[in-house]
Amino acid sequence: MDLALFWIPAAVALASTLLVITRKNAAHALIYLVVSLLSVAVIFFVLGAPFAAALEVVIYAGAIVVLFLFVVMMLNLGNTSVMRESRWLRPGMWVGPAILVSILLITMVYVIVGLPNANVTTGEMVGPKAVGNELFRPYLLAVELAGFLLLAALIGAYHLGRRYLEQRREP
Amino acid sequence: MAIEVPVEHVLLVAAGLFLLGLLGVLVRRNIIFLLMSLEVMMNSAGLAFIAAGAKWGAPDGQIMFMLILALAAAEVAVALGLVLQISRRFDTLDVDAASELNG
Amino acid sequence: MLILPLAVGTLLAVMFLQWWERRLLGWWQDRQGPNRVGWFGVLQGVADGIKFITKDDWLPPFGDRVLFVLAPLIVAGSMLLVLAVIPFAPEVHVADLNIALLWFLAMSSLAVYGVLLGGFASNNKYALLGSLRAAAQMVTYEVFMGLSIMGVVIHAGSFSLVDIVEAQRDLWFIVPQFLGFAIFFIAGLAESHRLPFDLPEAEHELTAGFHTEYSGMKFVLLMCGEYVAVIVTSCLLVLLFFGGWLVPDFLDFLPPIVWFGVKVMVFIHIFVLLRAAIPRPRYDQLMSLGWKILLPLTLVNLLVTGFFVLWEF
Amino acid sequence: MLEYLWLVPALPLAGFFALFVTEGKLPDKIVAVIGAGSVGLAALVALGAGMEFVQSGEASYAQSLWTWMAVGNFTPSITLYLDPLSLVMSGVITGVGFLIHLFATGYMWKDHQEPEGYSRFFAYMNLFVFAMLMLVLGDNLLVLFLGWEGVGLCSYLLIGFYHRDPENGYAARKAFVVTRVGDTLMAIGLFLLFRELGSLDIQTALGDAGQLDAGMATAIGLLLLGGAVGKSAQVPLQTWLPDAMAGPTPVSALIHAATMVTAGVYLIARMKGIYDLAPVAQLAVAIVGLVTLLISSFTALTQTDIKRILAYSTMSQIGYMFMALGVGAWSAGIFHLMTHAFFKALLFLASGSVILALHHEQDIFKMGGLWRKLPVPFASMLIGSIALVAVPLTSGFYSKDAILLTAWEHGTGPWFWAGGVLAAFMTALYTTRMMVVAFLGETKTEPHDASRINMWGPLVVLAVLSIGGGWMTFSVLDDLLGAIDHIPHIHPAALVTVVLPLLGIVLGYFVFSGRMNVNSLVESSFGDALRRFWQSGWAFDWVYYRVFVKPFLWVARVNKGDVVDLAFRITAAVTRGFHHVGALTQTGRLRWYAANMAIGLIVVLLIVASV
């Protein structure tokens, strides 16, 4: 019974992710991506990580994917782009990658099922306080590094987003 | 609210998500879909971390997930700037248009 | 148990609010406002509702139908879901999550999708511009909305709203966290894109912004979402900074839920008053206010709060 | 004064630094004061220290300055070690060195070839004196080697002083490379010594030398001899010295007569303990000395350049010293080193004034009749010459006589004595030739004597020392170096050694002044060939050019494309080939990369799973 609480969102996540990679309309794909992220957030919650679940929604779904949508809207990907997608996405294109991914899937399942202590189950709740205590003590350096990374990304995005980059191309 | 779930079930789901993301990266030519697939892959990695953390009842998994989150945010910020530049320069979103860095 | 009355009550409250706001605006701006339907026009909301329900459910043929329908649902649904974690009084709440505050933030960040998709699906340039603005504005203000209430969380040591209220038994957090309160207030205003921060729907430049193409029941849902957002923001202001249902001992002749309602009403009135009193800023002014003034202030607030809490002053 | 011993090398070093860091910006007069003054002060300190040392009656005195480095149990220290040998050496270096410096202040003044080089010249000279002093004062073979190489460096710099002429650069390189051959042998010898005895400290090593087996001692002795041969221009590494005359004349006097070339003599004398254990090596020393002695004295007879004559003469005199060391006349060898320093410096400086007066004319056959025009240089040359020829009562007589007498009594029979006497006769012959041709006869040039007191002053001092150095230093050296059989006995051998040089003078005078006609002999085909053979320095340069230089040049030409590098270039080419193949996989297509990563992931997972 308990497993259903896990497998229902998991199934939703897998299904919506499959839809993400098959949609031709970017906006629709993004909505499915949000659904996928939300179901993963539910899985997090089920696994006893409520803080991560909240962050998943707030940052992943609430900020990162919004940025995607923002860009999709800025580029105004309308019907022409959907037609172009269907030109790019011929059915034959799926064969090779699908074979490769299936092999990888078999390998992964083999590895995961063959894990030595397969019977250990999850189930402990780890609240925000525990996470915070751990984050700002042994992982302080990682926090600093993440800060550096974000600052670098900020500067990089600012630079890349400027219009003069394209003008420089002209001789 | 914490439910007992065998850890390999979670890992299987994470593997499934990861592979779907990989499939997306391999198949799609539109750079936006590519980035979305990448997000899916990173998210699946986060799921695996959470599962591992939950298995031991340790917060480290969630911390790793947060670092992945920071990474994803940074990646998206830069990548979307690149998307804008690519769409301006090549007038398309085909990643293969930007293949000048070949050997 | 509480879900059904809550849903119905909220819808009624929205109907009432919609009329009451127009009345107040009428008074403050020295004009009439709705005063024809019923006593002082009390039934104006009902009349509007009947009108909307009976209207043709029109879908723009040039737009994206699925997303067009989905958008109002997200707007209204996400805000209604926030109500689930709000404690109106001791033991009067749907759920006491230990991450209730994060839940609120998560839902308000999901609300962006409604506005964004609505504008995008309309395939209308005013709508698109409005939703682009909405996206940038809401993502921006979400950042320090989250950060501004972290001071409260530090004081209370919990994300649970019940715990936060209980932590204010001696002193409302408005005193140590005045800066946090001010920023949260402004950010809440922007999140619910109410006047003066209603740039996504600025009617003098963008017709009606992201909901230009909306009519009928879908428009009602968008309106609902906005009013629920006002209510929710007021509730949170009360819960986080004004002690929720707590009052000084000499005032406890009324039940706590009444005091809570009184406080919330005060804030709703302030929202309406702001709409009546302050002109709308330019879009770039709004953004630079956010990034250049409010964000640094929030960080300073967080730093000082952390400092005082750690040194146990 | 003994405690100020460190000042002896420190003063020239300070002079060098002062001249070096100012980069020739000082006025020439101040440069002269610093350059000559630092060496003069060092000479005074050395004199004071030496007197105190002699009075103290100690066998040796060591002043430890600091530890150079400490690597495991190898801790060479910078220690100055004073004993009679190093005292004599440092006295000669600083004393004669000072006189030469003083002469050079005049000789190099407003030098027309290198007008900017005055400061540079004295910097090199001071550095040279410092290096030489470290060579003789160091109590450690490593310090000795440091000085040894420093001397080589300064020699290179000073021979190539007139570097604008490529010929001089060639001569400097030749000196450097040829002495390097000897230095390599010496370094190997030092390594062997260190390996066998575990110490490079001279006194410790000599004290422990008894532990060496005979073969090893011989090997070390021969290797050290190799070093000494290189530095002292003995056969077979003598070819650099005549060419080294390319440097200014004071350099020739200081380096190639008085001090540097005697370093080899010093080294062998210093390592006496080793040679006592290795009679074969000692015999080799004597043979090297004898061969050099003969070859160079015959060569000197045919040279026309006054400085080359003196250079070959130097080689032959050092040959005497080697022979002395080889036959066991240790004290006589050092004694001859000292007297030779006096009169050879005198000869070089006097020839320097002649050359300067004749505007750098060095060919004796273009001189002639100079004795009237240049009285002081002529007198100096004359005094130096009779000392060189070992006319009785001059300093050279005492030292050379002591050597020859010891050689007479040598165990292998009088062969060394005979060779020495023959060479003494030849010395008389070529010296007379030089004097007669250059100074007597008809006047061929118009000399311009511009020498001042700073030039003829040193000549006078050195002339006095050349005459009287034999007696004056007798008593001192007796005490220091042990008994020298200096009084020529009435002895057949002694008589021959006295008479033969005088015969040589007489014969030379008649032949070279034209009073006796030997043209038929000289102009016969055999005589001519012999003359050319001797003039080329017994064809050593010719042989070396064919045996070493030409094959080396051939190898270099063959190896122009760098055969050794071929291995690396093939490696590079292969790598580049792989790179091109690898570059094909780099398509610039993101999805191709992603697919490859997926394949890699499969491989890694399979490996993980199979473990």
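Letters A, B, C and D name the chains as they come in the text, with residue numbers starting at 1 for each one.
Keep in mind that, in the parts below, a residue touches a chain if its C-beta (ideal position, glycine included) is under 8 Å from a C-beta of that chain, and two chains touch if they have at least 3 such contacts.
Nothing here was measured: the structure is a model prediction, and the numbers come from that model.
Comparing chain C-alpha centroids with the centroid of the full set of protein C-alpha atoms picks out B as the closest. Among the pairs A-B and A-D, the greater number of C-beta contacts is found at A-B.
One finds 101 Å separating the Cα centroids of subunit C and subunit D.
Between subunit A and subunit B the centroid-to-centroid distance comes to 5 Å (mean Cα coordinates, whole Å).
One simple way to say how far apart two chains are is to compare their mean CA positions; for subunit A and subunit D this gives 83 Å. A straight line joining the Cα centres of subunit B and subunit C is 33 Å long.
For subunit A, the set of residues touching two or more other chains reads 50-51, 55, 63, 67, 72, 74, 96-97, 100-101, 104, 108.
Chain contacts: subunit B has residues 22, 26-27, 29 touching two or more partner chains.
Shared interface positions of subunit D, defined as residues touching 2 or more other chains, are 595, 598.
Every residue of subunit A that touches subunit D in the complex is listed here, in rising order: 96-97, 100-101, 103-104, 107-108, 110-111, 114. Of all residues in subunit A, those touching subunit B in their complex are 2-3, 5-7, 10, 13-14, 17-18, 20-21, 26, 29-30, 33, 36-37, 40, 43-52, 55-56, 59-60, 63-65, 67-68, 71-72, 74-75, 77, 81, 85, 88-89, 93-94, 96-98, 100-101, 104-105, 108-109, 112-113, 115, 118-126, 130-131, 133-135, 139, 142, 146, 149-150, 152-154, 156-161, 163, 165-166, 169. Chain contact summary for the complex, subunit A toward subunit C: residues 25, 27-28, 31, 34, 50-51, 53-55, 57-58, 61-63, 66-67, 69-70, 72-74, 76, 78, 127-129.
Residues of subunit B touching subunit D in their complex: 22, 25-27, 29, 34, 95-96, 98-103. For subunit C in complex with subunit A, the touching residues are 64, 66-67, 70, 97-99, 102-103, 105-106, 109-110, 112-113, 116-117, 119-121, 123, 128, 131-132, 135-136, 139, 142, 146, 157, 159.
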